[in-house]
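Some structures are shown below for you to check.
Same chain, two partners: chain A is paired with chain B first, then with chain C.
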Partner chain A sequence: MSTTTPVTTTPPLVAEKPSAAKVAKKRLSSPWASLAAIVLAVLWTLPTFGLLVSSFRPERAIKTTGWWTFFSNPTLTMDNYKGVFGGDGGVNLANFFINSLIICIPSVLIPLSLAALAAYAFAWINFPGKNILFLMVFALQIVPLQVTLIPLLEIYVNIKITGTFWTLWLSHATFALPLAIYLLHNFMREIPAGLIEAARVDGAGHVSIFFKVMLPLLTPALAAFGIFQFLWVWNDLLVALVFAGGGDEVAPITLQLANLSGTRGTAWQLLSAGAFVSIIVPVTVFLLLQRFFVRGLLAGSVKG
Partner chain B sequence: MFNTASTTPEKILQMLAALLLFAAVMGLILFIAGRFGGKRGDRIVAYLYLLPVVLMLGIGLVYPGLRTIYQSFFDAAGKAFIGFDNYGTIFSDADQLTVLRNTVFWVVVTPFVATAIGLVYAILVDKSRFESFAKTLIFLPMSISFVAAGVIWKFVYEYRPDQGNVKQIGLINQLIVWLGGKPVQLLIESPLNTFLLIVVMIWVQAGFAMTILSAAIKAIPDDIIEAARLDGVNAWQMFRKITLPSVQPTVVVVLTTIGIATLKVFDIVRTMTGGNFGTSVVANEFYRQTFNADNQGLGAALATLLFVLVIPIVWYNIRSLRQSEAR
Partner chain C sequence: MFGQPTSPRFRAALAGTLSAGLVLGLAACGDSDSDSSSGTDASAAAIDCAPYTKFGDIKGKTVTIYTGIVTPEDTPHIESYKPFEACTGATIKYEGDKSFETQVLVRARAGNPPDLAIVPQPGLVKQLVSTGKAVAAPQEVSDNVDKFWDKAWKAYTTIDGKFYGAPLGASVKSLVWYSPSEFKDSGYTVPTTLDELKALSDKMVADGKKPWCAGISSGDATGWPLTDWMEDFMLRTAGPEEYDKWVNHEIPFNSAEPTAALDAVGAYLKNDKYVNGGLGDVKSIATTTFQDAGLPILDGTCSLHRQASFYAANFPKGTKVAEDGDIFAFYLPGKDATTKPVLGAGEFVVAFADRPEVKAFQTYLSSDVWANTKAKLSSGWVSANKGLDQANLTNPIDKLAGGILLDPKATFRFDGSDMMPAAVGSDAFWKQTTAWITGQDTPTTLNNIEKAWPK
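Moving on, here comes the complex of A and B:
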């Protein structure tokens, strides 16, 4: 967690176009800089690339030769992907993939709506105890999930919802709230007070102000946090292990991949394909909505 | 509706039911709130808006947190009060000391290396033609799970015994062989293995550091840079005298944020070594003690320790933010 990051979200747009001479000078003086950047970029990409190539190689080839030999002796197959989706290998990723989606959707929508309401109250309504309550919510951001898991599990056992999606929805929704409220509150405070006062003078109550004035302006903030939370829930392992560890019915894809890595750590034909099936959704979401995600990062923090 | 759904249609139905139930609750709150106006009504609206959040946070975070701290003073079964014995174990037991040592390695190495790489890369690609593509490459690992990252790197570290015509399939060991060395069981040799796991965290977090720092670099006013350039400073002086001081508050935020994330790292260790071969860290040990070793008390103490360790980092973060704002 961090507090207000002292950086602007949008770079200054007015950066003047550098003259041709300047560009040339820069080019000449920085071949080493370009080289260093390329080396880093390659180092960062190579591990993923190696596994990606492997996921399309036949099992025997993966296990007896390095993935780099693929380029001198290319053989392609989709068997590994068929293997992780098919039920006969015991991997059955399709099922876990669906579970991940089922877990994610309410785990994003519920905290987002609740936090928007709460943030509105904190930002635009005066009531006794406001500051102390907001400080407490803010402070809860630093609580590590680990300290909450066992007592929460006991509660879920008592109300008999263990082994259902409810445990995951409720947990993820709760854990998301402090950061969500804090972020949305900051965005809402930036909306000019005049807008709200004008609406009040016109006789609008807090409900219609929330829907008619706030919500349209808040869309980028909601999108930013929504993506953030989606990636967080999709990629989570700890919460899933504790609350859905027992059965395959509700376990997300990360859990199955982690189990696979633990029990069949050398089955690289399954691990490679499985890893890529599990990252396809977050990577797609990320690439399509990168701008919102970056904005969320800049405004906020890393929770957990 | 509160049973375990086992087929896909059942799951989807349950999800829709949950969303409908939630929408109904929200609708009720908004309906009641809509009936109040005026100054006294304002308060009621505020409390109504906050009610679900306060309930969830109270039951889901505050109570469990306090309960865990309380449990950390009890024995393995959670029955007998044993004072600070669990904490004594953490700081004296040989295995637990390894866990602490590893956690220190993680928290010291990861933030500094990840931030340094992020900063250097942000500067290198700044205003280059391929800036956004180059940044995406480094940033991508941030979007995937630690589990997937663990699998990707486990493959890089893969070891094959050095005999006959067995070929290495892991990149690192192949490089070692090409350079004339003997392949190493990378994930088993301690403490080397801990540092190799730390590399994975750096790989993930450098993108975060780069993104935040890149925005900070772009926020440096152009006239300052222009003035420095007119004074004829070289690249190093520019970095040392202009860039670094300008982004310094952001560097602190990035360091502390990565530090906190690193402290809680669990998935990487669990996926790659399961915490074996002397690689366990506090967050992983918490899980192991609680769920595998059935030592609730020690597990609770480790979770509490994690909480306690986060506090000074956050405190430092807030303090340096205050200072940078006061300046």
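Moving on, here comes the complex of A and C:
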């Protein structure tokens, strides 16, 4: 019985897909839709483009005129980029790339691995109090992270891990877990029960089901959440500000970016160049993994 | 598309930082073997180490100092600690962070404060003391402050009879920036009384100029330059005694003297003939950032800009800030030539630990030795420390500011908004004066600020 269920459910799915896709394709490829897409793309790119142009303009020009005046009076300079790499004895952003990576990678891996395990338990293991526990995890998403800042810092002070990367790893992991568990749980629930039952009939326990059946199917979802979390942690300033107190050893690049403009904000011409230096990593990550990203986003929606 | 050309650079950066990290790590390892010689730096002037011997052997100890002073002003600070490190063998760990003012409170409340904090407002010192984590300054620091500072400075950080922090640096706010060459070419002279300032402005208007430029936009602190304007005029039109009463709320915010002071500011800043040179009309004051507001002087579209001594750092590189240069400042004159009220601000060193090495370092920072060491290393920095030798101030604007601060005839007053309760000093005062510059009348503005004063 159980082995036949996937066979019976898949054909309608396969039959539905092309029709939905066809309709979507037809609608989205009309000239008007293309025009709208192009207009949107231009509108969204314009500020970033302005930032890029600005980053090459001389200090006086940035401070007195808008970036579009570049086209009537083009002068290019690399001074801003020299400035953010410590050209004038100021901040050297290059030194903080490593810190940001050291913060980001565990902050993505810890919640991902924990959430995948927890989501599996919530989705496919029956234990007492499961629904209440899941509801609590779900509800935790509502708690704004700002209210936890001082209590969490107090805990870190008590267990004496302030000024280390642990504070950032643990904080980012805790803040990410509720959403991660919820997303992965929903994704796992959508995997046909027959698949699990078939594996169980073949003698697989929870561990081998998780690793051999679930993980390969989960890859797009994991990648999508991984990118989300990576971008969030890379761009985070608040958590780093509160918990990374301890000097340059643990400060991420965003903290230095905030300090780049100087004590009274007088060197703000460096900000556009600094922004471009710091987005190199997120842009690279996004471009390398965007295939997974789109698949992960679609995976839930098409099936649901 | 974008990822392709940039990733090699990123890899280069990674490789660079990795190898730099390795080199630094190795260097640090090498240092620990020969730590007695590591502290001595060729650039650090030798100082008398005797005052620090009584704190015992503090070699190898670390003192953390947390400040809002970041690049590029942080380098002279770090350099100025070297003589102390050479003397005692202790290490000073400097942490600069622009969000210092909020983060220091978070860290103090959570029990994770630094050893020392450089606090730029007496109001914030009070808040830090109220967390219960700050510790009173040691006797040595107190003695130094008695010896080197005007009594008023000590009072700013004396809370409930306990003295919490020595002043560090100071800035002079009563300055008007101008172009020396414009003054020379047009035959203008630096005014010595408020009436002369008015006459000068009118003369510039007659010459077809818009003399003043101003800007108050500054993120969530928008409006603060106007509070400085009002404080400066309060000091001049009502006098220092009335100013103190006003700051301490012994007279209502909307009483006669503050009203007169704000109207006096309005005679300049809400006067379409006077503003906003090179930037627009009166309303453009609200949208121009304070950093940009004085730059039109360089273009010749504006002649006068009232801003503190630290504004010198804001001019593009290559601008000569000197009496015979592109730009310079004069003292915003008093009501008459005999009175010399000075509005200023400064930082205070507050301690959260009383370990011997922290006390020793606090003592060093409050000494004339440190002030002179720092003055030699930096430009754009002055202190009200009486032991500061004027000859050590190299930068012309520092000489001017130092001269004003240490002038025995000058009456120094601390920036009032920094001492008022936060609900007024860093909230209602800013917001209401911003509304005022965009059209709200003076009585409404002052009534609203008065209402916001905590009961």
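Just so we're on the same page, the second predicted complex is superposed on the first by the 219 of 304 C-alpha atoms of A that agree within 3 Å, B and C clash if a C-alpha of one lies under 4 Å from a C-alpha of the other, contacts with A are read in each partner's own complex, and residues count from 1 in each chain.
In this text, a contact is a pair of C-beta atoms (placed from the backbone, for glycine too) under 8 Å apart; a residue touches a chain by one contact, two chains touch by 3 or more.
All values reported here derive from a predicted model rather than from experimental measurement.
Asker: Scan A:241 for contacts with chain B and chain C and give back first, second, both or neither.
Answerer: both
Asker: Which partner chains sit in contact with A:53 here, chain B, chain C, both or neither? Use first/second/both/neither.
Answerer: The answer is neither, since A:53 touches no partner chain.
Asker: Between chain B and chain C, whom does A:165 touch in the aligned arrangement: first, second, both, or neither?
Answerer: A:165: touches chain B, not chain C.
Asker: Using the superposition on chain A described above, determine whether A:98 touches chain B (first), chain C (second), both, or neither.
Answerer: The answer is both, since A:98 touches chain B and chain C.
Asker: Scan A:218 for contacts with chain B and chain C and give back first, second, both or neither.
Answerer: neither
Asker: By residue count, which of the two partners contacts chain A more extensively, chain B or chain C?
Answerer: Counted on chain A, the partner with more touching residues turns out to be B.
Asker: If you stack the two complexes on chain A, which partner ends up touching A:262: first (chain B), second (chain C), both, or neither?
Answerer: both
Asker: Kindly classify A:115 by the partners it touches after superposition: chain B alone (first), chain C alone (second), both, or neither?
Answerer: first
Asker: With the two structures laid over each other on chain A, which partner does A:233 touch: chain B (first), chain C (second), both, or neither?
Answerer: Once the two structures are laid over each other on A, A:233 reaches no partner at all.
Asker: Just checking: does A:140 make contact with chain B only, chain C only, both, or neither of them? Give me first, second, both or neither.
Answerer: It touches chain B, and chain C stays clear.
Asker: From the superposed pair, tell me which chain A residues show up as contacts to chain B and also as contacts to chain C.
Answerer: On chain A, the residues that contact chain B in one structure and chain C in the other are 63-64, 95, 98, 149-150, 241-242, 245, 247, 258, 261-262, 265, 268, 283, 287.
Asker: Any idea which chain B residues touch chain A in the complex?
Answerer: So the residues of chain B touching chain A come out as 2-6, 8, 11-12, 14-15, 18-19, 22, 26, 29-30, 33-34, 36-37, 42-43, 45-47, 49-50, 52-54, 56-57, 59-65, 67-69, 71, 117, 120-121, 124-125, 127-128, 134, 136-148, 150-156, 158, 167-171, 174, 203, 206, 208, 211-212, 215-216, 218-219, 222, 235, 249-250, 253, 256-258, 260-261, 263-264, 266-267, 270-272, 274, 283, 286-287, 290-291, 296, 299-300, 302-304, 306-307, 310-311, 314, 317-318, 321, 324-325.
Asker: Where on chain C is chain A touching in the complex?
Answerer: 2-3, 6-7, 9-10, 13-14, 16-18, 20-21, 64, 66, 68-73, 75, 93-99, 103, 106-107, 109-112, 114, 218-219, 289, 291-292, 295, 299, 310, 313-314, 316-317
Asker: Within their complex, state which residues of chain A touch chain C.
Answerer: Contacts found on chain A: 59-60, 63-64, 88-91, 94-95, 97-98, 149-150, 153-154, 156-158, 162, 241-242, 245-248, 255, 258-268, 280-281, 283-284, 287-288.
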